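Two complexes, one shared chain (subunit A), two partners (subunit B, subunit C).
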Partner chain A sequence: MKHSIPMLLTVLAAFTGTARAKLSVVTTLADYAALAREIGGDHVDITSMAKPTEDPHFVDARPSFVVKLRSADILIEGGAELEVGWLPPLLQTARNPKLEAGAVGRVQAAEGIRLLDVPATLSRAAGDVHASGNPHFMVDPIIAKAVAAHIARAFAAADPANAASYATNEKKFEATIDAKLQDWGRALLPFRGQHLAAYHDDWLYFARRFGFDVDVFLEPKPGVPPSPSHLAEVIGKIKAEKIKAIIVEPYHNRKIAEKVASSTGAHVVEAAQYPDGLPNTATYVELIDVLVTRLTTALKN
Partner chain B sequence: MHSSNSLSVFLTTILVSIRLQAAEPAASPSSNEEIHQQLLEMQQSIQEMQTHHQAELDALKKQIADQQSVIDSMKQGSPALPAPPTPPDSKVAPKDSTPAFPTTDASIVPESGGVLPPGNQSPGNQPPASPPAAGNMFPTTDSSVVANGAPATGPSPGLVPAPGLIGGGAPKGSYLNISFDAVVVGAASSDANLNTLEVGDHDPQQRGFNARNIELALDGAVDPYFEGFANIVFKLDNNNQTEVEVEEAFGQTTDLPFGLQAKAGQFFTQFGRINPTHPHTWDFVDAPLVQGLLLGPDGLRGVGAQIAWVIPVPFYSQAILALQNGQGGTGYSFRNPGDTGTFFERQTIDRQTDGLSDLVVTPRLEASYDLTSTQTILGGVSAAFGPNDTGYNTSTQIYGVDLFYKWKPADAEGGWPFVKWQSEAMYRRYEAGQGLDNTFPVAETFHDWGAYSQVVWGFHKGWAAGLRGDYMHMQTSDVTNDPQRQSRSRVSTDLTWYPSEFSKFRLQYNYDMLQSNAFLPSRDENSVFLMYEIALGAHGAHKF
Partner chain C sequence: MWDVMMWPILACVLLPGLLVYLGMHVVRRGIIFIDIAMAQMASLGVCFAVMKHMDLDSPLTFWISLGFTLLAAALFAFTGKRNGEVPQEAIIGIAYVVAAATSVILLSQSTEGDEQIKNMLIGNILLVTKEEIFRTLGLFVGVGVFHWFLRKRFMLLSFAPAQAAASGMRVKLWDFLFYATFGLVVTSFVQIVGVLLVFTYLIVPAVCGVLTAQRFGVRLAIGVVLSLIGGVTGLMISFYKDLPSGAAIVCVFGVLLVLAGLVSLFVRPKPPPSPSA
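And then the complex of A and B:
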């Protein structure tokens, strides 16, 4: 008994006091994790809470996340209500002052980004709308650059010793995106102005960047499952607007999209908003590469 | 603007007076030529003065107008505000050209009809006609989407850009989040006395319609150190009279070090899995038997204080210790005088709080582990110790274990599909004394125990089916005749449909089997409930 208390303390110290050379970063979603990896390189340890294939609106607040958040130096979240259903109780239990709202360690990616579709009036009759605007902004590479810069600033503030490295990586990422934007722009140029259909209304930032118009949705309202009458209407619109592609994500009901596709002649494009949500898309650039390739393939037909 | 007007009036007055003086003839005219010359010179100098004053006046006006625009732009928390509030000088100065006094302000009107510099325009549906800056065919920047133009390499005082900049620019969140939740249950049962068949106070109490849980939840940050939460519940009794109860009202710390959190007020005791939760989060219409019969129809809750500590081990583990009064109906198995002044047939002694030993102490330890990336378990052990009112020196101990398992696949949509399995077992040792003035013939010690286990399968988006088994063993007694002390079991099955996250319908069937004891015959009862729930207001987050 005499020895048990000092021993317990030693064990606890071993768990908590391990000299942490690396910056511990937790992200809510896989896209922020991918950018954090670009910026942080070997200087950071990254954990993404939501799986890349999972509906980001409904992630289970698993207690293991509390453990990650408790010892994190940086939390990167969207901050535009996408994670409102699961992040708050985790932070409440993690009780990490470094991640308090307004602290250096709390990165809200949407800050400084002008979000689209900010509702003029708030009503849940409109479905699952977000008061701050549509939070699915990361698929616009220009916005991704801004978020990367934001992340780099946060990393530098939390870990000044490696600030130069973060700045270099950020510049590198920016240059890659700038060059890639030319490739992507060229590849999608022939399809500019085309209308597209999507399961959920989360491609508007991508569409704006590359000159598409995603205006037909299988969900009658965001988050509301497709009803037969709405699908009939969708099929009519797809035919009328000669829409060639229906974008679905890993967590959407693919069968419904297939049904609509087979009765309209449009193609189902399996897409993802998050790196690793599709095969061979570990990085942000790879993800957009695959999205552009899949879209051009579908639209060429 | 007012000050600039009065300033110009003042200056004009000076100018006019000078002009008047100049118009007067000189004192001693020695020669007309000379006078004429003098007049010309004077006129000239006056004109010079006039221009000088005018220039000064213009400069002042501009300065004032300029400051006003800065003030306006700072006042304006409009969606257009693109940059964090920085000192006025750098704020007003445009990025590229720098005239002394700006004629435009991008911080107020960001997208003024395509005046954005070339290469910064949103591509929209118009392909760029000629390659813009840097020989890029496609733009690589877009000032219309990224409001925060601060370069990454710059100093980062504005690490966190202007508050309220996300989206619409209106401040995010609010000082107080309000939500409202109403549950209505239509009930049919073979038992005319649903209020005794059902063990929870939020459960249906009569055949027909019931509204036993209409709650108003309030929460928000008190200050940088505390957050507050209140849950006010309105219940309609069988005569449609409204009962109001402060179910929870507490403050808790947000700023303690070492993973500690303290809480004080009226709150649900962290005993087991279901006790600390509100009925609208439950997977069945009614409370499990052990919950209602051992912890109490209202759940175990009370005024007190609690400390919680997230233990620094590599897996989630938390220790919680609460100290509560445990007096009255919400301290059911403790200092509860009973609705009619009796409990377990004994006339109760209304024991007041004299010291620490009169309080209910509730320690809990919980831990969680991810079995795989899609499967998680969360388990805990709890205990509650405190005196009870059936004797002068009688006490109660309740022990519980709980286990929760959840599976949700990696490509779940809207949280579906899923499987949840939840089980709790409890044991209560109840020292039943001889009551007030030792009027009851004997003192007894009851060893009561029970458990429930439930599986909920979310088989299709918006749909979930559940199955629950309940068992409650009450120690037999030849002297204590209390309908609550009947051993019993129950099987429940339900089907829930969620039209959205904020509403649900639930159809449930209960088959109750009550065993005979020295006083009561055995009986079986069938009940059907149809529940409808709506939730309004702040988006509640879901705990695991």
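And then the complex of A and C:
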């Protein structure tokens, strides 16, 4: 009985010791969380704020987000205005100096990545609110590798004791992607050059990597329902370009896609930009696997 | 808990009092959806400014939005007839749908992404900042003082309209002042807490007061106390169960209304059955 208290203290110390050693990582979206899991393994504790089935442009803040941000060591965000509508007020409320812009703990995935569709002029009259370019870059596996490297560097800087482990995991992820790229490329090769339709303009990086052209969009603008004339135009284009697949995501209006599909003969492909947004896609590689499979199935028909 | 929820709790304690008071008027006048119509008019103003390529947070955008709110106030004051076959609530509903539809059309024509606009129009109580609370509190104190000094006229207008008209006061002008101040309060509150909460704070405490008491002062006191209980309880539940804060508060108010209904079965003498029924 006498030694039970010191023992208890040792056990407690061991627990709090490991708890403290774990890096606390918050990510805005599920794709960054999936990569952080690959790199961090058991050394990090990861929370993703947006659910994989939630529209990344609109995320409902909950109290736990503020709590997590307050004690986080690292925040991983896209950084290309995708989360501009909801992340800044959360950060303002959380006031964590470790996550300030430019701090070691603030990982902006878009940093160092050449974004597509950067508006030529920055005048508001010219349009696009995503002034830094299209922010949906993570579905390109080669960009994902670069982001993984970026995350590994940030983890190593914040937690030098485990730097070797982060570097190893990153190399492993890179090797997996390199091997998988062969498979994915082979599977999609027969459909190279085909045109695709999508609900929202967020597949251009995927399309560029695998040689597609996604150039018909069901929504004229995010959140704005298509007007009848826009739908007629979309249907006309799909017929003219003999498009076989319409990509929709969980938070898009499926009914519109089905309406267009039924009047054109194209197939609705349920896709997701985020791991776990579809069944059996817990990791990044599994997600791309499923996307490739679904797309080839639709295009074969 | 405290460090995350301090400002939301403070907002829920300091700000709703004026809404509960205005809610008494709104319930009495039977114009339940006026707040949503007003908020929609204000957001139509913002959409209009965006169409003209103004920045969302520029002062001009604010003034345009205010202008649209005053326009709505004028519309409701001058169309608000207290008799006839078209209830004022119909005009309010029409103003709401037309303003909402016009916003959709404007946004579909604008080249801007509209996520920022949506986020700006619909606040989240969880993320309220110190500056927002004190700015809004300043405005509410101003409007509150205005209503305090002119309370006799506003009360007459809402609670005895026939008498108000007979007394020779300029009903439409005073109605306009009521709607204008009301619009100011509602649109500034919507920006920090969202539409659901504004509606809840206006209507639920007032209805609870009407259900459980007869005198205006007692009703108001009951409403204010319930608004404090509902807000703080809702925030606590939102924190400990990790639920969206605004929605949690609204649901607590729903429960409070049911409780008030049960209490009313015992405390309030039943009104005599009306002969016309």
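Descriptive notes on the structure:
Methods note: the second predicted complex is superposed on the first by the 272 of 301 C-alpha atoms of A that agree within 3 Å, B and C clash if a C-alpha of one lies under 4 Å from a C-alpha of the other, contacts with A are read in each partner's own complex, and residues count from 1 in each chain.
In this section, a residue touches a chain if its C-beta (ideal position, glycine included) is under 8 Å from a C-beta of that chain, and two chains touch if they have at least 3 such contacts.
These numbers come from a predicted model, not from an experiment.
When the two complexes are overlaid on their common chain A, residue A:I143 makes contact with subunit B while staying clear of subunit C. Of the two partners subunit B and subunit C, more subunit A residues are in touch with B. Contacts of A:E77 after superposition on the shared chain: neither subunit B nor subunit C is touched. When the shared chain is aligned, subunit B comes close enough to touch A:A154, but subunit C does not. Of the two partner chains placed by the overlay, subunit B and subunit C both lie in contact with A:P89.
In the superposition on chain A, A:D201 makes contact with neither subunit B nor subunit C.
Legend: residue contacts after superposition of the two complexes on their common chain; A:V224 is shown touching both subunit B and subunit C. By the touch criterion defined above, A:G211 reaches subunit B but does not reach subunit C.
In the superposition on chain A, A:D276 makes contact with neither subunit B nor subunit C. Contacts of A:R62 after superposition: both subunit B and subunit C are touched. In the superposition on chain A, the residues of subunit A contacting both subunit B and subunit C are 57-58, 60-64, 66-67, 70, 84-86, 89, 92-93, 124, 127-128, 130, 223-225. Contact residues on subunit B toward subunit A in their complex (touch as defined above): 79, 82, 122-127, 136-142, 144-148, 150-153, 156, 159-161, 165-168, 172, 227, 254-257, 259-261, 310, 312-316, 318, 368-370, 373, 376, 378, 406, 408, 410-415, 461-462, 500-502, 539-544.
Subunit A makes touch with subunit C in their complex at residues 57-58, 60-64, 66-67, 70, 84-86, 89-90, 92-93, 124-130, 220-225, 227. The part of subunit C that touches subunit A in the complex is made up of residues 3-5, 7, 53, 55, 104, 107-108, 111-116, 118-119, 124, 126-127, 129, 238-239, 242-245. Here subunit A touches subunit B in the complex through residues 12, 15-16, 51, 53-55, 57-58, 60-64, 66-67, 70, 79-81, 84-89, 92-95, 97, 100, 102, 104, 106, 108, 110-115, 118, 124, 127-128, 130-133, 137, 140, 142-143, 145-146, 148-150, 152-154, 156-157, 167, 170-171, 174, 177-178, 181-182, 184-186, 189, 192-193, 205, 208-211, 213, 223-225, 250-253, going by the rule given at the top.
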